[in-house]
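What follows is a pair of complexes built around chain A, which joins chain B in one and chain C in the other.
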Partner chain A sequence: MAWAVMNWGLFKIIYRHTGEIGLDSGWHEHEFFIFLGTIWIINSLIQTLFMANAAEFSELIRTGNLDFALLKPIDTQFLISFPRINWSQLPNGILGAMLIAHSLSELMNEREIYFSIFSIPAFLFFIGCGAVVMYSVMICLASTSIWFGRNQNLYNFWFYITNFYRYPMEIYQRSGVGMALWGTFTFVVPILVVSNIPARILAQPLGTPWKSWEWGLAAYAIVGSIWSLMASRWVFKLALKSYRSASS
Partner chain B sequence: MLESAVIWWTFFKISINERLIYRADFMLGTLMRFLPTLTQIFLWWAIYDVISNHDSVDSAAGPDGNIAGYQYGDMVAYYLLVIISRAFSSMPGLTGGIANQIRNGEVKKFLIQPVDMQGCLLIQRIAHKLVYYLIATLPFALVFFLCRDFFIEGWPPPNVLAVFFASLILSFLLGFYLECCIGLVGFWFLEVTSLTFIYMLMNFLLSGHMFPLELLPAEPFNIRQLVEYLPFKYLAYFPAAVFLGKIEGPELYRGLLAEIGWVLFFIVLSRILWHRGIKRYSGYGG
Partner chain C sequence: MPTIEIKNLSKTYRVYQKQEGLIASIRGLFHREYREVHAVNDINLTVEEGEFVAFLGPNGAGKTTTLKLLSGVINPDQGSVEVLGHVPWERENEYRRKFALVMGQKNQLWWDLPAMESFRLNQHIYGVPKDEFERTRDELCEMLSVANLLGRPVRELSLGERMKMELIAALIHKPDVLFLDEPTIGLDVVAQHKIQEFLKTYQQEQNNTILLTSHYMKDIEALCKRVVIIANGSIYHDGSLEDIVDQFSGDKIVTLQLHDDRSLEAISKIPNLIEIDAPKIKFRVDRDGVGRVLSQILADHAVDDIVVEDPPLEEVISNVFSQAEEKGRRVGEPLPNS
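Here is the complex of A and B:
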């Protein structure tokens, strides 16, 4: 929660000095806060549903207690993914929703925003896609602890990776390194897409109707989340093959 | 005298070895620490693009606008330098460690052994930090070499450089004694996590960790002026600003003196807290 507020404060200060992030990208203050709210919602979903479980999974591997999970006649990935819900992380998501609502109403006073009964379901759908992709990333990260033994760095890695999806993709679309980053986090690990698409649905930084590439990207977000789910499944299975149980 | 020197030396050696256990992890961790800076670079690039004079956008030196006296290069250099300041001033686990020792009774060992708690912890920290710099120099050098173009002004003059290094060492001491004091409050509160949390928040916003302090607004109330009177800015902002030549002339030494003042203040405060604390300490637990 405090991180969220600090983040908000940071961008409040940044927007005192600039009108937009990225030349002609349309990410003005209100649009950007819609983006920020979207990130908070996805983050809180992940932290509520999966974070504790992934950490628990790493711990199971380290202690060898994963044996018990493997023996149960139920899909292991399913079993380790959902046992606990960490309600304490939910308020961040609510805060995100409030920030979005506020910024959206401010934005509507400023210019025309296309908003229909489909906007909210579409937004939620793509938030869902986002959660799926981030879940996949997390499962992959947690699975690596089978190979590395200890994985106290899970939270750190998580922080460093999510660091890339917290900004509009336009900021990366320049220079060699930027394009490489953009390409990696769009096509290999599609985390940029899933944060950008839901935010674009509500904020419409480039106005309505959407440009054709925005439609393409939205379609790709769906493909990307399916593909990352499959990939995480594959990594998980592969990692399990190397599992050798600890102690007895 | 010699005896206590031997004791301290032993503590020092133990702590060094303790730290060398996970060296690979360490190097990787250090490199990873620069990843957020990478996004910062792009974020600020995008911002400077907007505020710049658009006729010369994408010239070799990057966009040419300036925010609160910071050009694009300065801004990136600032973030890189803050990582250095933080490498000196951040003390992960110090506050919690002290409070824990007080709560579970471990602090008793400092009451019966002829070693001083702050001294012992300080030696440990110095050892840890030294090892850290030893291992981290390589990744740091690599990153700074790759980013050398962001340092528009190049190397600062020798006297500024001297102040820079002095302020780094002082920031280490300041960070140490400040967190020590918070930890020692554990004698009265037992649970200091909320206090640590407030400290972390303050530190994050007011030390210049997230952005150069010049960016802070002067309205509706003057936070910009307020941070000048707080110790936090010496933990991240001050060394970086000195290096970048944002603080000049007599201000340079005045800042350094103020930092020394703060260090002394917190040394004395931690002494007082310690002596008062052990008087009311009742030593529960084993």
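Here is the complex of A and C:
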């Protein structure tokens, strides 16, 4: 929670010096804090539901106790993904929801925001897509433990990768390297799409109605979620074939 | 159709050979040396329904690897296995409902929760109806005398109590095939005996097929009619315990209780003497020469009592392991350490 407050403070300082991130991107202060709140919610979901389990998965491989998960007549990926819930990470999500509510009300005082009965369900649906994509990334990272024997840097890898999805995608679209990063994290590992789409539903940085490319990205967020889940499942099953089971 | 059918099964591990020291560690980043360990080497085995088979072998012989292959935990490099008509490493749920694996050195129960919680989880995972679950659980708890421990966190149970709970967790879905990997390791004689008795009764009642690995000969003597000896990843012998003793023990141990000290002194010069505990004397005699030696002694001395027995099973098995490893070395097989 302290990290979230520091994060918020940092962007508060940045917005004292600039009115917008990116030229004509529409990510003014309130819009950006809606984005930030969205990220906190997705992160909180992942850390509450999966992070401890993914770390535990690496430990199961190292100690050979994955054997018992493989014996059970139940989907192994499901079994290792959900045994524990880390409730201590949930407050960050609640904080994110509060930040969104506050920023949205401020934004509504400044300009007109299109809001319908579908806005919240659509926002939650794309948050779910985000959680699915980030879960898939985490399963892929955790599965590498089977090949490496142990993966103590799971948290570090997670931090490096999630660094790229914490900002509006417009920040990448100014240079060749930036475009390469944008393309990679939009189409190959679609983490940018799933953080940007739910935030755009509420913040509407470019106003309403949405541009056609925004609709395209929203559709791709759904496709990307399905593709990520399938890819993670493939990686997980492939890794299991190489499982050696630590000696007893 | 046999319950377990193994054909030409092999599993080789590639093991990184790390040298000692920092420089060797840095060199290892660029040039890594590996050694191939043939944990299981071209095994063929058939087990019929209701058999209780012991897997014996020295450490690293390939017993546990074979059980892990049979339970689908790891994939083989070559060969085929069918257990109850299923290929284990395809990990079909239908197969996984029919067998259980218990490992004496690993714990599958939730450490911080009472064993009852793990049983309940298994009930749901295996889809056991509530009344059947409760009946099975109560029967098993009664047989193992642990009904009063169901509510105690697993971490607070003794090793023997925990192993009993492990067995109940594994048997709650009434598996047709049971793989037991050293279930009595580290247990005191009382707990060992209790588990032996339990396994014997349970197998007779359920007629399930059991493969057991153990280093305790008491387990093997009490439970298994058939013994498979594995060494260097290959099957060295497959037969009854009596066969092993007949085939691999060339001697009998003779104990005589003599009537007077004069006889004791005369016989004490016999070759292969084991011990003298007057008026008793114990010595080793070649199997074929027992009759000849005894008639000679009885003709010359007064003997109050005679006991002729096989050498301790541990000793026989130890000889078998030594011979098997020697054979493995002669054919150039490296000794596995997996």
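One rule holds in what follows: the second predicted complex is superposed on the first by the 248 of 248 C-alpha atoms of A that agree within 3 Å, B and C clash if a C-alpha of one lies under 4 Å from a C-alpha of the other, contacts with A are read in each partner's own complex, and residues count from 1 in each chain.
Following the convention adopted for this analysis, a residue touches a chain if its C-beta (ideal position, glycine included) is under 8 Å from a C-beta of that chain, and two chains touch if they have at least 3 such contacts.
Every value quoted in this text rests on a predicted model; they were computed, and no experiment measured them.
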- Put chain B and chain C onto chain A via the superposition and say whether they clash or fit. fit
- Once the structures are superposed on A, label A:G183 by its partner contacts, choosing first (chain B), second (chain C), both or neither. neither
- Task: Go through the superposed model and pick first if A:F68 touches only chain B, second if only chain C, both, or neither.
- Result: second
- Query: On chain A, which partner touches more residues: chain B or chain C?
  - Reply: B
- Message: Contact-wise, after the overlay, does A:I14 reach chain B, chain C, both or neither (first, second, both, neither)?
- Response: first
- So, A:P121: does it touch chain B (first), chain C (second), both, or neither? neither
- After superposition on the shared chain, which partner residues are touched by A:Y167: those of chain B (first), chain C (second), both, or neither? first
- Query: Using only C-alpha centres after the superposition, what angle do chain B and chain C make about chain A, to the nearest 10 degrees?
  - Reply: 90
- Message: Contact-wise, after the overlay, does A:G216 reach chain B, chain C, both or neither (first, second, both, neither)?
- Response: neither
- Smallest separation in angstrom, by C-alpha atoms, between chain B and chain C in the superposition: 6
- chain A - residues contacting chain B, complex: 2, 6, 9-10, 13-14, 16-23, 25, 153, 156-157, 160, 163-164, 166-167, 170-172, 174, 177-178, 181
- The chain B residues in contact with chain A across the complex are 25, 29, 32, 35-36, 38-39, 42-43, 45-47, 49-51, 54, 57, 67-68, 197, 201, 204-205, 210-211, 215-217
- Enumerate the contact residues on chain C facing chain A in the complex. 13, 64, 68, 71-75, 91, 93-94, 96-97, 100-101, 103, 105-108, 122, 125-127, 181, 338
- Message: For the complex, give me every residue of chain A touching chain C.
- Response: 64-65, 67-68, 70-74, 76, 241, 243-245, 247-248
